[in-house]
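Quick heads-up: structures coming right below.
Two complexes are shown next, each including subunit A; its partner changes from subunit B in the first to subunit C in the second.
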Partner chain A sequence: MDITEVPVSEDSKGKKKKNKKPKMKSKAGNGEAEKKQQEVVVVENMEKSEPAFPPSFSVSEIKNKQRRHFMFMKLKQEKRKQKMQLKKKKKKEREALGDKAPPKEVPKTIENQRVYDETVVDPEDEEVAFDEGTDEFSAYFNGLTNPKVLITTSDRPRGRTVRFCEQLATVIPNAHVYYRRGLALKRVIPQCIARDFTYLIVINEDRKVPNGMVLCHLPDGPTAHFKVSSVRLRKEMKRRGKDPTEHSPEVILNNFTTRLGHSIGRLFAALFPQDPQFVGRQVATFHNQRDFIFFRFHRYIFKNEKRVGIQELGPRFTLKLRSLQKGTFDSKFGEYEWVLKRHEMDACRRKFQL
Partner chain B sequence: MMADSSRLCSVWLGSETGILKGVSLGRKQAFNFCNTRQLSRDQEVRALCWADPAQSELLLGSVDGTVRTFSTEKGAFTEARRCGEPAEGCFTGLAALSGSATVTCVECGTLRVWREDSSEPATQLHAGQNVCRMRQSPVHRHKVATGGKDNPLKIWDLQRPESPAFTAKNLRDDWLDLRRPHWVRDMAFIPDSDKVVTCTGYHQVHVFDPASPQRRPVLEVEYGEYPLTALSLPPGGQSVVVGNTHGQIAVLDLRKGAVRGCLKGLAGGVRALQCHSSQPVVASCGLDRFLRVHSLEDRKLLHKVYLKSRLNCVLLASREEAGQTAGEAGSQEVKEEEEDEVWDAMERVEEAPKRKTTTEEEEEEEQEEEEVKKKSKKKKKKKKEAFED
Partner chain C sequence: MQHDDVIWDIIGNQQFCSFKVKTKSQGFCRNEYNITGLCNRSSCPLANSQYATIREEKGQCFLYMKVIERAAFPAKMWEKVKLSKNYEKALEQIDENLIYWPRFIRHKCKQRFTKITQYLIRMRKLVLKRQRKLVPLSRKVERREKRKEEKALIAAQLDNAIEKELLERLKQGTYGDIYNFPVHAFDRALEQQDEESEEEEEEEEEDDEDVGKREFVEEEVEESDLSDFEDMNKLRTSSDEEQDDEEEESSEEEEEEEMEMETKAKALRSKGKSPANGSVARKKRAYVEIEYEQETEPATKSRATS
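Up next, the complex of A and B:
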C-alpha cells in the first residue's frame, strides 16, 4: 500500500520492504509520517517550481548498520552510474560537434583560484628593481663576495640531525659543519663575521628530528626562520644516484612571485656560488607551492635534445617560512619584516604570501 | 601636473629608497616624488615633519645629512640643506620653529637649531648618547623631548639650552636590586597638559608629569613581548596607540592602564604611526611596505595601499581630508536631491493603514540614509508592488 502510493525512489523502498518484512508494521508508522512529509514537500515543490527532485529520505535514518551500509553502497553506485552516463553523453555531444565544440573547461584548483596579490613583482618596476639592487644581497649579486656557509644545530643534536647537517654540507659548496657546544648565537655571529662567513644555518632539533631552520645572512643581512618538515636522508631515498660531487650545482627557484617571495628567493640563491659548474650536472631546486618550499637535489643527463634523465641525490626537505627579520639574528629586539600570524593569514585558503 | 597630484595627497610617507610618497585616499592613488634622477640609499628618508602650521611644506631628513624641503603646492623639492655629517648618525628628529628655523637631532645626541640664512647652527646642545627620537611639543614650540637607549627622557627648552628642563629618573630597581634597563623609543606630548608619554624597547609605556615633584613615571603600562617602536596620540587625549616590531598595534587606555584593543593586519614591524588630528583615524606604515589606515572607533581597516619600498615615516595632512569630505558631502547631497525627485515622480500606492505608516517611515528613513540603503529599499518596494500587482 505504501509502496504504490508514493512515487518515490521505489527501488530503495522496495528493497527495504523486501528485507524487512517482519518489521513492516513498525516501519509502517514511520512510513506514514514520512509519506505525509513527502506529500507536503511535493505539494510545496509544485507550487514553487518545476518538477522537484523526488525527495528521498536520507540513508542515515536507517538504524541497522548492515542495511544502512548496503543502502549507502547502492546510493553511491547509482550516483556513479549517473555520472558516467552524463560523461558519455557529453563526450558524444562533443564528438558530434567536432570543431565547433566549446573548449574544455579548466578544472578549478587552489592555485588557479589564488586571490590577487598586489605585491606580485612586476619585472619592469624600477623602484622594486632599485630596492632589490641595493639590498643586503647586492654584494653577492654583484659578484663581490663568495658564499661561505656555517652549518650548526641546536644544542646536543641527535643522529638524524647530525646526518642531515653532513648531507647539507655536501650539497652546498663551501659549507662547514660545526658542533654547537651550547654557544649563544649572538656571540657566534660576530666571530663568523670576523672569519668571513656569509651565511649561518642553524638546524633546530626536536625529539631527535630536525624541525626548524634559521638562515642568517651574515654581514648585516636578513634572518629567516623556517619550519622544516618531511626530511628524507640519502639512504631513505629510492632509486638514488651516487653521492654528489664537489661541483657547484645550478639553482632553480620556482614560483617566488611576490615581493616577499623575491626576498626569500634571493636568500636561497645567495647560498650557492654564482657560477655553476655545468660539468657536474647537478641542480638544486627550491620550488614554492602554496607557501611551502620544497627542496630537491638532482643530477641530470641529456639523453638527446629533447629527453632528460634525472636521478635524485641528496636530502629532500620542505620549508615553511615563519618569520623574516631585518638584521642578524635577534629574536627579542630585532625588527621583523614579515611574521606569520596564523589566525590572520591562514584564514583564507586561497591567499598565499610567497 | 605634479602640483595637482601633490595637492590631492592626504598622506605623506618617506621610504628607505629616498622617495617621498604621497597617497590620496579618496582616489586610491599613490604618487612618487623624487628629487634626483637616480635613486640612492643615501637619500633614505629618516624624519618627516611639517615645516609650517599651514601644512604647505614638508621637511625631509635623509641619511646623508641633508634636510630637504618639499612644497605641496608646487609639487617639487625647493631646498636642500646640509645639516650634519652622516658619520654622526641618522636623523632621529626634525622639527620646525616659528621664524623659519629648523631643529634637527642626530643619533649621537647633538641637537641643533638652524636658522634660515646661516650654515652654522644657532644653538647646539648635547642630549646624551644613542638618542632614538626627538619630538616637539605641539603647544609650546620651543620645547622638545629626547630619549634613547640608556638615555632617559629629557625635556629641553630651546631658549635655555644649557640643561634640560626635566630629566626623567630611571625606574626603581627590581626585586633583585638590579638596575632596570631603559630604552626610550618614541615619545609624545599630551595636549592640554604638561605630560609626556613614552614607549620603550622593553615593551613598556610610561607617562611622565614634569609638573609633579616625582621624576619617575606616573603611569606604567606593559604591552606585548616585543619592543614598542612607534607611538601616537589620538585627539581624545585619554588613549595612546602603540606599535611594536612584530606588527602588533594596540590602543591603550591611559586612565586605567589597560589595553583597549588591537589593530590587526600588519605583518612587519611598525616604523611609524600617526593619528589624524580631528578624525578618529590612524595611519601606520612599516617594514612590510604597506600603508594601512584604521578607524579607531571600530578598529577596522579602512584602507590598505601597497607602496613598493619599506616605509620609514608617515604624516597626515589635516586640511586635505576636510577638502575631500566636503567634496564627497557635496556629491552626496546632489545625489540625495535626485533621489527625492525620483520618489516624488513615483505614484503613491494606496494601501491599508498599517502599510501606509511603514511606507511613510521608510520614506523618512531613506531621506536620511545613504544611497546604498536607498537602492535596496527601492528594490524591496518595487518587489512589493510587483507582488501585489
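Up next, the complex of A and C:
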C-alpha cells in the first residue's frame, strides 16, 4: 500500500506546490509518505487535520530541494498564521478589558537598549560643572570673547568644496574663508592666533567632495577631527527658503549626554556668538543620534503657542567624530583625548560614545 | 676579444636587443648602466669596451667603469668609485679617474652626475615640506557606516525634535516679549469669563477681516513662489480647533474653513498643494496678527516676504 501510494502523492505534491493554500490533510499524508520513504524510524502520531509536524521531523532532512523548499515555505506560513492569531487574540483581550488593560509594551529601540555608559553626565554633577567652568571654553561662556572663525580647505579644492565653504561662512556669523595655498597648518595657526581668530575649520576634500573636517579651537583649545558625509548644498535642497541673513542664529544641541559629548557640544556652541538675535528667527541645530551629529539650519516661525513651522535654509551635513586632541592641531606630538578605535568601539551595536 | 662594431651591428641595427625600447621618434636603452638612456652607438654599454657611468645608491653617487678585460666575468666587470659629497670635489674625482678617456664619456658622466645631485637636493627639500598622508578606506566599513547613518537619521526625527525644542524655549520664555501668544491656562480662564464680550468684539471685526482675508488669498494664489513653510501640510491637517484657544468662535472657524476650501480648490486647479496651504496659513497668520499686534503687523509682513 505504501509503495503504491508514493507516486500518487508525489504527483499531487508537485501540483500543489503552485497552490498557495495547500490542503492540510494531504500534506500530512505526504509527510508521512516521505518519512516512510526515507525510513526514518520514529513513532509519530499523524494528526491528519492539524498541520503540526511531529517534533523529530525537521524540514532540513528532506533531500529533495524542491520539496524541502516547499515544506519550508509552508512552515513559515504556519508560523506567520499563528503569530497573527496571537496578535488578534491579544487585541481582543485588550479591547475587552478596556481601561483595565495593561499598558502597551514599549517596543525596543536601539536608544532604549543603549548600554549603560558611566560617563553620562548628570545635570547636577558638580565635578563636571567645575570642569566646565575652567576649561578652554570658559572664556567664551563667560562672555569674554567673541567667536571669529577661519574656514579653509585642504590643497587645491574643487568646486563643491569651495561652495560648501562659502555656504558655511554665511551660516556661521563672523566667518572668513581663506584659500589654503599649500601652507602648513602648523604655520597657519600662530598667524591665526595673532589675528584674534578663535576657531579654525579645515575642510578636507577627497575626489571633489568634502569628506573631513578639522575643528580647532584656537588659543590652545581642543582639536576635533570629524568625518563629513551627506553634504547637501543649498541649491540641492528641496523647498528651501531664501538665503540666511546676517543675524546670529540660535543654537540647538541635542542628545550630547556623555562627558565626551558634552565637550563636543561646547565646541560647537562656541562657534556661534553668545547672544542670538531672535529677530532673525534662524536656528542652527546639532543633533546627535547614535554617534552621528546632524547639522541643520532652519528658519522658524511660531504660528501660535503650540505650533511652529520650520523651513530649511542653508547647507546640511553629518559629522562623525574621529578623534579629539587636547591642544591645537598637531598630528605627531599631540595628546589625544579620544580616538575612534573601530574594533573596540564598533563591536557592540548598542554602545555609543557621544 | 670584443668586437664592438659587430656587437652594435647585431643588437643596434639588425637583430634584437632586450634593453631597447623603441618609440616613434627615438629609441631608449633600459640598461641600468647606460649613461644617457638613449640607444646610440656611443651610449650602448654592451657595444663599447671603454665605458663609464654614474649611479647613485641611497643618496651616495658612484662612478662605475667598465673593465673590458673581465668581460668573461660579468659580475665583476664594473669597477666602482665612491664620489665625494662635495660637488666640485666629485667633479675633480671624475676627471682624475677618467683621465685619457674619450671626451664624450667624460662629458656625459659629468652631466649625469649634475642631474643626479639636483634631484637628490629636491628630494631632501620635499621631505621637509608637508607630506600628504593617504589613509585607506575600508569599503566594508564605509558601507556599514553609511547604512548606520541612514538608520540614525530616521531614528532622529529631526524636524520633530527641532520643533519640540523651539516650543520648549518659547514656553520657558527665552524669547521674552517678542511673541505675544498668551499663556494657555491664563487664556482659558479669560475665555470662560469674558465669552460674551469677546463675541461682540469679534463679530464687529468679522466683516473687516473677511474682506481682508479674501484679498490676501487671491493675491497669493496668483503668485507662484509662495510656500514659505513646507510643514503647512502636516500641521494643518490636525484639528483646526486647537487654534481656537486664543481667539475665534466656532462661527468664524466655519467661515475660515470655507475660505480654505475655496482657496484649496482654486490652487489645486492651478498648481499644487503647498501654495494653497501656504496662502491659507499666511492668511491665518495675518488673521492672528490683525487681532493682537496691529502695530507690528507691517513689520512682520515685510519680514515674511523678505
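Keep in mind that, in the parts below, the second predicted complex is superposed on the first by the 270 of 354 C-alpha atoms of A that agree within 3 Å, B and C clash if a C-alpha of one lies under 4 Å from a C-alpha of the other, contacts with A are read in each partner's own complex, and residues count from 1 in each chain.
Just so we're on the same page, contacts are C-beta pairs under 8 Å (C-beta built on N, C-alpha and C of every residue); 3 or more make two chains touch, one makes a residue touch a chain.
Please read all numbers here as calculations on a predicted model, not as lab measurements.
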*Determine, under the contact definition given at the top, whether A:R307 touches first (subunit B), second (subunit C), both, or neither.*
second
*In the three-chain superposition, say which chain, subunit B or subunit C, touches more residues of subunit A.*
C
*For A:G143, decide between first (touching subunit B), second (touching subunit C), both and neither.*
neither
*Now for A:D125: first (subunit B), second (subunit C), both, or neither, which partner does it touch?*
first
*Based on the superposed arrangement, let me know which partner A:V283 touches: subunit B (first), subunit C (second), both, or neither?*
second
*Given the touch rule stated above, what does A:G98 touch, subunit B (first), subunit C (second), both, or neither?*
neither
*Should A:G241 be classified as contacting the first partner (subunit B), the second (subunit C), both, or neither?*
second
_Based on the A-chain superposition described above, do subunit B and subunit C contact any of the same residues on subunit A, and if so which?_
none
*Which of the residues in subunit A end up touching subunit C in this complex?*
109-111, 155, 182, 184, 229-230, 239, 241-242, 250, 252, 254, 278-279, 281, 283, 285, 287, 289-292, 294, 296, 298, 300-311, 318, 320, 342
_Interfacial residue positions of subunit A with respect to subunit B in the complex_ = 118-119, 125, 127-128, 130-131, 134, 259, 326, 332-339, 341, 344-345, 353
_Per the contact definition, I'd like the list of subunit C residues that touch subunit A in the complex._
129-130, 132, 141, 145-146, 148-149, 151-153, 155-156, 158-159, 161-163, 165-167, 169-171, 175-176, 178-179, 181-184, 227-232, 235, 242-243, 245-246, 274, 281, 284-285, 288, 303-304, 306
_subunit B residues within the subunit A interface of the complex_ = 16-17, 19, 32, 39-41, 201, 226-227, 229, 245-247, 264-265, 267-269, 287-289, 306, 308-310
